[in-house]
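The structures come next, written out as structure tokens.
Paired with subunit B in one complex and with subunit C in the other, subunit A is shared by the two complexes that follow.
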Partner chain A sequence: MRIINQFPTRRSRLILGVVPFAAIAVIYALASRIRLEANPADRLLPAFSSMFDTFVRLATEPDRRSGDIVLWTDTLASLSRLGLGLGIAAAIALVLGIMIGFVPKFRATLAPLVGAMSLIPPLAILPILFIVFGLDELSKVALIVIGITPVMTRDLASRVADIPEEQIVKAQTLGASSWAMTLRVVLPQTLPRLVASLRLALGPAWLFLIAAEAIAATDGLGYRIFLVRRYLAMDVILPYVAWITLLAWLSDLALREFAARAFPWSKSGGGL
Partner chain B sequence: MSTVDVQNIALSIGGVPILERVNLSVTSGEFCAIVGASGCGKSTFLRMLLSQQRPSSGAILIDGETVAPEPTPDRGIVFQKYSVFPHLTVAGNLVLPADFASGSPLARLFGARRRNARAAAMAMLEKIGLGPHADKYPAQLSGGQQQRLAIAQALSMKPKILLLDEPFGALDPGIRADMHELLSGLWKETRMTVFMVTHDIGEAFKLGTRVLVFDKIRPDGGKAGPAGATITYDLKLDREQRRARALAGAALVAAAPARTANDA
Partner chain C sequence: MAKLSSWTRRMVIGAAGAALALGVAAGGTLPAAAQSKTDFKVCWSIYVGWMPWGYIADSGLMKKWADKYGITVDIVQINDYVESINQYTAGTYDGCSMTNMDALSIPAGGGVDTTALIVGDFSNGNDAVILKDKTALADIAGQSVNLVELSVSHYLLARALDSVGLAEKDITVVNTSDADMIAAYSTSDVSAVVTWNPLVSAILEQPGATKVFDSSAIPGEIIDAMMVNTETLAANPDFGKALAGAWYEAMTIMSADDEAGRAARTAMATASGTDLAGFDAQLASTKMYYDPAEAVAFVGGEDIVKSMDYVRNFLFDHGILGEGAPSADFVGIAFPGEKILGDANNVKLRFDPAFMAEAAAGTL
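Right, the complex of A and B next:
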């Protein structure tokens, strides 16, 4: 039978999915052991056990200098920047996206601007943000917002423009004003796409967050990784990367579950 | 319950004539079925009656007044698809017009007025046989149920004119017969003026009091360049004739493919 027609069962799908993860773990463990046998002080590929010990220490013991428990202060700082950035970006993208997608005159005015903005590499204007907003929280949040808003806006505008014309005409024959259609026809059908758009923006948002924290911060997950890089502390960096990945996966899962519950009528809410 | 006068309208898009010399006078309460080959402009004509498309020249009058330049509640519409709102429940779709009419800044009724609107919607749903489905979303309904809802929604504004753009084109023949019954019942009850575009000639003769055939013809015997379509047959049907014509319609259906092939 052709390979495109061979479907794994539920159980074999699970096993097939686990295999690559297991393979990576085994290869790492072997490589780590080989290096540690040659040089017990090797820092490049720490054993799983030492990474676990370090992670537990970071998660439970207060830092000697600041007295904070490092992992949680870093996580809180990063997540609040990320959440604020995503929230502001979502609000701006929703308003602009509906304006551009629904009102021809706003489209003529705003679409070229958003198109041009989306081509600016956000990291290139990071120095400008530091100069304008200073080195504190605002510039980091601003980088996330500037980095993801143009793409989200374009995505939402095209989703709004994709709402079948039949629906818009029908709403007019039912006596709806432009504002009423915006509230009752366009906005509710755009919200599932907003959540989907946020899920896609999570990756870039983390990228911009870590970049900003690496350059100027006193706490945060990205700050910590770049701080300990000087000591080649792979036993901190690798668990931090895993921790960030876990947080990103959990926020994606939360958004997906939210969409499935809040928009039961929507395919893009339930699916994807 | 309104007259419609179409005065010599023409439409060309990018220099290509789509429709030309379309003249029509429809008295109140007529049921006009519009048939013709694919691409002959019958749906475009309906779009113009709805002000979704504006004619290049000529005028459309309802009760002697020029129609508004955009869709308004005096003309109801049922499309073949996308006609109901997928994010609202069946009942929500029928409450929506009342929400729009409320004039509230949130475009939504609250409290007792909302309960009244919901009760009216439920009464309508019972009448069209969708009572048990009030809290479902349109995607959970069959095609026929969705079109019942679309018709009920269009009628909720009590339009002067009801426009139907191949409303039953995607339905099974059995369901289609049920829909014909529903539509003629509602038409007899409201005495609205109806325009229905259809591919099904039998359906046109069964439901219509008047059948309009759109086609492209050249009165001057063939100058160079394309011609726009116009009304080539305008058949006013007596009630007694309609049954016989429905039978004849079946023969026309058989002849239709040949005709389409000639046009192409």
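Right, the complex of A and C next:
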């Protein structure tokens, strides 16, 4: 039988899915064990138990210096920057995307600019952002917005441009104004794509958030990782990476659920 | 597993085997413990007191001294200072240039027994607290201070605050990458920075900048040294001899006010992105131990013990000595003459003047 026609059973699928994770855990545990036996104070590959203890401490005990419970203040700071950045980016992308995709004059004016903007590597203009927006919250949110908006805008604009011409013609025959068509024809078909686009932007948004926090900050998940890197505290870094992965996965899941509930008719919301 | 398809079974078994092999291989990349060997690697990063290492590599001094002892020593420049220490701690290098504070917190705190082989200099003004539009250190109260958190800058700030009866809670520390420090200073949010040379000189050229405290007020506390793995050194004394020999020959050359000395300093200046005058200015705020006998006396003195006590308490207060550290005594620090600070059963940082003394006696 051809390999593309061989389907694993439900149980096999589960086992096969777990195998790579288990293999990585075993590789890590062994390597960590070997290093710790040679040097019990080794910081490079801490044991799972010490990472767990550190994580619990960060999540429950107030910090010696600031009195804050570090994990939650970091998470709150990072998530609010991320949420603000994603929200602003989504709003701009929606408005610009519809304008560019739906109104030919706007397309002629803005499409080349957005196209060019989307090619600027955001991390390359980081020093400029810091000088223009200062070192506080604004520049971190701005980096996320600048990083993901152009791509989202292009995505939405092409989605709007893909709306079948027949629908537009029909709406016009029924006497709809441009504004009415925007609200009743274009917007409902664009919103599900906006959520899908946001989901795809989550990865880059986290990247820009961590990069901004690494350079100048007083709190945040990226700040903590780059701070404790100074003394090789892998027992903090690795759990933080796992925590960020979990948060990213949860936010992706939340957006997917939201899309499935809010736009049950749409194909671009649910699924993967 | 009987009911599983042969494919699934093979995947599980194959993955388990590969994981075991990879795990052992990954764990096995340990620093070769206490074996005599002939090939060594040391790393350094850009800083006025460490520029001689680049010169030693380029001028062939290292090869000359390594050949004398029948070994090879590879000197590698690493652009990121913290990364160079982490690489040394992970066992990639046998030695690395770093400060006394970072040697205590990263390798020693991480259980890698480390020896200060060559104490090259201490910062005598190279690290500074700079205020914008204010002229007195006490004005720092209530401000946000941009610095590389947990670095020697942070330590300098803690000592500066002490000197005017302030504490860290009176200010807000903003962790800022050293690469962005000059750009940060030029933004309106930033009113106070703590950093090191050559950044200090660059920032002082900007309007409104006043240096209100520098490391010349705490002489001998921020020490720059070539730190090497204690076990490697014990098993291979020739490694220490070759490094010390090359270093002090370079010191003799660069400290002379003649053609060769200027040429050496110019080479170091170019490598650190400045010119001879700029490099000489940085040297002026660095107490270089050109003479090994002076370094031996410094390491054997009482002041260094007091300095290390400040440093270890700072590290402990900031949670940098590791979470397993119940007190500042957790990591022992050994000085010449059996003096030990902290736990004598867990000595991980040693100030050993033996090789510098040999250089002073001319027996290398």
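Here, the second predicted complex is superposed on the first by the 271 of 272 C-alpha atoms of A that agree within 3 Å, B and C clash if a C-alpha of one lies under 4 Å from a C-alpha of the other, contacts with A are read in each partner's own complex, and residues count from 1 in each chain.
The rule we apply is simple: a residue touches a chain if its C-beta (ideal position, glycine included) is under 8 Å from a C-beta of that chain, and two chains touch if they have at least 3 such contacts.
From a predicted model like this one, the values you see are computed outputs, not experimental measurements.
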(request) Based on the superposed arrangement, let me know which partner A:Ile215 touches: subunit B (first), subunit C (second), both, or neither? (result) second
(request) Please name the chain, subunit B or subunit C, that touches the greater number of residues in subunit A. (result) C
(request) Considering only the touch criterion stated at the top, classify A:Leu246 as touching first (subunit B), second (subunit C), both, or neither. (result) neither
(request) State whether A:Ala161 touches subunit B only (first), subunit C only (second), both chains, or neither. (result) neither
(request) Based on the superposed arrangement, let me know which partner A:Val169 touches: subunit B (first), subunit C (second), both, or neither? (result) first
(message) Between subunit B and subunit C, whom does A:Arg35 touch in the aligned arrangement: first, second, both, or neither?
(response) second
(message) Is A:Arg184 touching anything from subunit B or subunit C once the two structures are fitted on A? First, second, both or neither.
(response) first
(request) Take the contacts of subunit A with subunit B and those with subunit C, and give the residues found in both. (result) none
(message) Under the stated contact criterion, what part of subunit A meets subunit C in this complex?
(response) 6, 8-9, 11-12, 15-16, 19-20, 22-24, 26-35, 38-45, 50, 53-54, 57, 63-65, 127, 130-131, 134-136, 214-218, 223, 226-227, 229-233, 235
(request) Would you tell me which residues of subunit C are touching subunit A in their complex? (result) 3-5, 7-8, 11-12, 15-16, 18-20, 22-24, 26-28, 30, 33, 82, 86, 89-90, 105-106, 109-112, 146, 148-151, 168, 172-177, 180, 183-184, 186-190, 317-320, 322-324, 348
(request) Quick one: which bits of subunit B touch subunit A in the complex? Just the residue numbers, please. (result) 50, 52, 70-73, 75-77, 79, 81-88, 96-97, 99-101, 105-108, 137-139, 153-154, 156-157, 159
(request) Sort out for me which residues of subunit A touch subunit B in the complex. (result) 164-167, 169-177, 179-180, 183-185, 188-189, 263-266
